[in-house]
Amino acid sequence: MTEISFSFSLEFTVRDYECDLQGVVNNANYQHYLEHARHEFLLSKGISFSGLHEEGIDLIVTKVEIDYKYPLRSRDRFVVRLNAERSGNVRLLFLQEIYRIPDEKLIAGARVTGVATRNGRPVSPSAIAERLGLKQI
Amino acid sequence: MTEISFSFSLEFTVRDYECDLQGVVNNANYQHYLEHARHEFLLSKGISFSGLHEEGIDLIVTKVEIDYKYPLRSRDRFVVRLNAERSGNVRLLFLQEIYRIPDEKLIAGARVTGVATRNGRPVSPSAIAERLGLKQI
Amino acid sequence: MTEISFSFSLEFTVRDYECDLQGVVNNANYQHYLEHARHEFLLSKGISFSGLHEEGIDLIVTKVEIDYKYPLRSRDRFVVRLNAERSGNVRLLFLQEIYRIPDEKLIAGARVTGVATRNGRPVSPSAIAERLGLKQI
Amino acid sequence: MTEISFSFSLEFTVRDYECDLQGVVNNANYQHYLEHARHEFLLSKGISFSGLHEEGIDLIVTKVEIDYKYPLRSRDRFVVRLNAERSGNVRLLFLQEIYRIPDEKLIAGARVTGVATRNGRPVSPSAIAERLGLKQI
């Protein structure tokens, strides 16, 4: 495990219905874990994904890259850690890693790019980025 | 198989991600199948579940009863058949059965009760029931 | 709220991906919550759903009845409470209720019937029932 | 739309439960669509994902990259198209694109890398690749 410092982390337990016929968590469910961790991170900064939607602003994912290193199984506990940064004028970039608990085995690494939109058009995420304490890079 | 006559049917193929670690379709996914068949039935009568939501009317399920008779597995094909009726002043009742294809093995039977709501309060489903060709019982 | 005493409870937070286009938790996801609570209850008694499967014994649901009283939404916290009992020679019956936190609003009530099977045939659940501390009724 | 020639395609209809509170298909569900198209492609070549699992061989995804271009909504029909190739000695690479029907709007593009494993260790996918008609590149 590289010694990255993460700004947010959230613990989960695998639920049996998340496993597929191979007996491991289905690949798509990692996106669920990653999404839930991002939304809880936003909430921890006072930003509600569903609240923004009700105000007409939608945070949407434009690109996802996930490296699957090792599968999660029934009864596993794990933590999703994340860092967020700005990328250019309109994009937010989330670097997320999933580690099994308690042995810290790296399960998956992900880069998730998102934008804020209003009526389907990108808008500046500056207000959001500021609340998240992100500087542009 | 009892010789019930159904007013609508929709064919599906099991998708592998719908199976869980027991190697069979997870129980919750039958509700997905039942819901999708109901919504396609409504569409076949010119009623859009999502369109109604945009107009401020939500069709919601108030009660589900499902008897699981035999499991579906990877590669199975099946058909969801349904009948709809009115039940009292405000309720719609859907009787749905799932049969494996091509051997017509009964997989599950369900009774699903729903109501129409506006702003969270039940409204008369008469306009919908009429379009569905239902008589009150 | 009737003053039933429950033998197990598990807290959850709604995850945004569990909500559908109506902005509320999709009906099928309540089955996921109910299932996860049952499996954690079993684990709390030393019985692993996935471990049993690996030993050739499958706990399967034969009947589900759910009354949906009030919808869960994004950011809601809730608790699933349950009681288990034996029903006849081969069935286990789970009575489960979902309450929103912290206002204890009743969200849904469920009766879930299950059996233990080996190679697709029901076997006596006595060993399991004993570990769960259930008496026959 | 670039004029790529695809070796397999599969049509779908959006199911309402696949949409989330933003009223569009949730990001994770695109992985479900992509997976189901891959498995049906394999089946069209006589290879069963679940059958391989029962024989002790698991096809697993090691990397997913998805570009989300435009969202799918309730009632949309779409097609998933794919090409497969070998990549090095052990990897299979699936290039997949999702287009809305009938206007051929590009919805998403994906690169999915997989390997064949036995007891968790990569094995040569040559037998599979041959049946799929893939040459090494």
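Chains: A, B, C and D, in written order; residue numbering restarts at 1 for each.
Basically, contacts are C-beta pairs under 8 Å (C-beta built on N, C-alpha and C of every residue); 3 or more make two chains touch, one makes a residue touch a chain.
Computed from a predicted structure; not experimentally measured.
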A-C or C-D, whichever has more C-beta pairs in contact: A-C
Remotest chain, chain A as reference, centres from CA atoms: B
Whole-Å gap separating chain A and chain C, where each centre is the average of the chain's CA atoms: 29
Centre distance in Å when chain A and chain D are each reduced to the mean of their C-alpha atoms: 22
Inter-centroid spacing, chain D versus chain C (mean Cα positions, whole Å): 34
Junction residues of chain A, two or more chains touched: 16-17, 19, 21, 23, 28, 32, 35, 50, 74
Residues of chain A that touch chain D when the two form their complex: 21-22, 27-29, 31-32, 35, 50, 53, 58, 60-68, 71
Complex contacts: residues of chain C adjacent to chain A: 15-17, 19, 23, 32, 35-36, 39, 43, 48-50, 73-75
Interfacial residue positions of chain B with respect to chain A in the complex: 16-17, 19-21, 23, 26, 28, 74
